[in-house]
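See the structures that follow.
In the two complexes that follow, chain A is the common piece, with chain B as its partner first and chain C second.
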Partner chain A sequence: MADPLDPAQSVAEQAATIPGDGQWPVWEVFTQSEEGAPHEHAGSVHATDAEHALQNARDVYARRGEVISLWVVPSAAITASTRGDAGPFFDPGADKAYRHPQFYKVPRGVRGL
Partner chain B sequence: MTAPSVLPPPPPAPHDELELLLRLGDDRLVLGHRLSEWCGHAPILEEDIALANVALDLLGQATMLLRRAGEVEGKGRDEDALAYWREAVEFRNCLLVEQPNGDFAFTMARQFLFDVYAVVTLDAVSRSTNAELAAIAAKALKEAKYHVRHSGEWMLKLGDGTDESHRRVQGALDELWRFTPELFAADDVAARLAAEGIGPDLPALRAHWHELVHDVVERATLTLPHESSHTPHLNGGRAGMHSEHLGHLLAEMQIVARSHPGAKW
Partner chain C sequence: MTQTRTAPQDDPAKVAEFEARIAAGQSIEPKDWMPERYRRQLIRMMSQHAHSEIVGMLPEGNWITRAPSLRRKISLIAKVQDEAGHGLYIYCGTETLGVDRAELIQQLLDGTAKYSSIFNYPTLSWADIGVIGWFVDGAAIVNQTVLAKASYGPYARAMIRICKEENFHKRQGYEIVATLANGTSAQKAMVQDAVNRWWWPSLMMFGPSDANSPNTAELIKWKVKRRTNDELRQRFVNLTVPQAAAVNLTLPDPDLAYDTESENWSFGRIDWDEFNQVLRGNGPCNRERLAARRKAHDDGAWVREAASAYAAKQRAKQASEAA
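The block that comes next holds the complex of A and B.
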């Protein structure tokens, strides 16, 4: 059984829910499109090691020249919130308008905010 | 008036430059086509895309080189005319690149031997006294450096992998090795071009190529075949004497263009 207080077990349990496809480990790919921009999740690749993952990420997600930097992370290294976390994690923010920074005007010239 | 005591060497005929462009271009056109045969058949999706990427890079390089060849030739032939309307005896590619794909290990060994060759020769050509050629080589060199990183990694994985992958990639190296002397053989054309600083000094590049290949092969726990192998070295590609495989490859590559001349889409 999953112990919600044990992050490692939670990850392992999640990994076990991925259907076994007999393939290499999965790596998550993050791409950066321009200097200063955040690395954004692009998708995933199968690979045997980090260099292999980087090459596959390059070939699958960066082959048309729209990327200037790549990160690859073993999917198993990611700790994700679970469906059951949704209430306690995310509901409290929904009904408090004052938490949203929508009462400010963003000065012209500020980009990437 | 005194005659000059030393005459400058005659400049290479335009024919020499055309030959060089065809040799460089045809290597890439033929190998690019071979790799495209993997499309939809590679071991995993990611590798399928990787092989197609390399194929498209090579096709792009071939396009630039053959377009320039058509300009130098001056008979109104463009890159498509040169790719689709020449016969096998008119192709100037080395024999290595026309060899059939075999299994994945064979394709990767062939690719690795060529990629290292491409890096060392393009590096030399990027310093050519011929500005157009130097510019094309400089652009292609960036791509070749990625290609060799990719095929080099596969040599390590397959060589230092399972017993079966080791056996297969060692067998591929053993079989392909006899095609490598041709890569560095300099005929009269190549010698003239090298003397003028237009083309690469091929025999002089061989030691560096060998060193780079040896380094990866050793780390991959593989063995380089002996130079004095009793297997005869094969060449003739640069003079249009090809193995039977090129004709079959060209038949498939050229049939659409020849069946529908001038078709556009």
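The block that comes next holds the complex of A and C.
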């Protein structure tokens, strides 16, 4: 199958990856609501390319001035951990109480720690 | 009951683990294991909901060119655009369950998918636009506020987004209604007529009564629904009766009465035969709505083709520059 993200493919191959029925590739949309805030996942759009995805994301997820920045990422480019593997995968972080401040004893009356 | 409703390939141990997660109030995410039946129920509910948003643009779109002022026109355009956005939020949520949007849209165009029965009624006067915002969006908000706590994460998040935006829909509708209700006697008669026509179909929007709703028990067990159809319908009636009184409009139900014990407004019998007829495709506008939707889809084909051709050309250009 042709890779829609590979610019080295022939025009014919690329055109074939973009069907006319609206099933353009899916892009995940991340929005930032204000300066300094993180970008958060908002949803997805279908689009032919990155620029088109940005425009669609603006029309779908930013109609009320509540967004100051948008990211779009091809869904296929996201690798995610799975719930089934969450136990062993996150286990290394689960038993290290000494990474939390509450682990350490402070003499009574000492402030600012 | 559970046995017959659970698809045979589901591992009982996994089902038990899944139901324990639901009982603990956890949110189910796209890649999590879920019973096949849960997936199918969600695809059914969410796609019908998305289709309703899209078809819902049609009765209101008819009035954009005839809105009585610029203020009303810009509001109506914004509302109709929101409905398109809401359809897209929910289609995108439905796709996380492993179906393609194109497939769902094809089902809508083929006439094999359902959408809310309310949109098969005609919008005969400008007052209908006010009453739709007040009743239909009001009913949708009652429904969606509860769906915002649904166990499936992408559905719940789409609902939160939609609820935030729909409050404007309801208020703009009520403003139209209140303005007409305070207007000339002809305007008042027009808005009362719209109320008379939309009241019962709006109550039907919540779906069959609990006794005749085969899906409810399972959907409540899995916390897709958090309230039954009848509970939501009652909440809508309780909210709406005082709003009608505030603008001196009468709801067309002689049996409407306040019950001090339950603190509910009790109401008359809903004509379920009419509801079933509309669901079966025999409502006043079923054929017209689908024809309009198909025409819009066909008329938009050149835009989709042009976007694809443009993207292919841009890629070719980038490829030749890179070479």
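A few remarks follow.
We take it that the second predicted complex is superposed on the first by the 66 of 113 C-alpha atoms of A that agree within 3 Å, B and C clash if a C-alpha of one lies under 4 Å from a C-alpha of the other, contacts with A are read in each partner's own complex, and residues count from 1 in each chain.
Definition applied: a residue touches a chain if its C-beta (ideal position, glycine included) is under 8 Å from a C-beta of that chain, and two chains touch if they have at least 3 such contacts.
Every value quoted in this text rests on a predicted model; they were computed, and no experiment measured them.
By the touch criterion defined above, A:T82 reaches chain C but does not reach chain B.
In the superposed model, A:R63 makes contact with both chain B and chain C. Of the two partner chains placed by the overlay, chain B and chain C both lie in contact with A:Q23.
In the superposition on chain A, A:E34 makes contact with neither chain B nor chain C.
In the superposition on chain A, A:G43 makes contact with chain C only, not with chain B.
For chain A, the partner touching the most residues, choosing from chain B and chain C, is C. Looking at the shared chain after the overlay, A:H52 reaches both chain B and chain C.
In the superposition on chain A, chain A positions 23-24, 45-46, 48, 51-52, 59-60, 63 are in contact with chain B in one complex as well as with chain C in the other. Across the interface of their complex, chain C is touched by residues 7-9, 11, 14-15, 18-24, 26, 42-46, 48-49, 51-52, 59-61, 63-64, 80, 82-84 of chain A.
Interface residues of chain A, counted against chain B in their complex, comprise 23-24, 45-48, 51-52, 55-56, 58-60, 63. Against chain A, the residues of chain C that register as touching in their complex are 29, 31-33, 78, 81-82, 85, 88-89, 92-93, 95, 100-102, 105, 157-158, 161, 165, 301, 304-305, 307-316, 318-319, 322-323.
The touching residues of chain B, counted against chain A in their complex, run 44-47, 49-50, 53, 146, 149-150, 153, 157.
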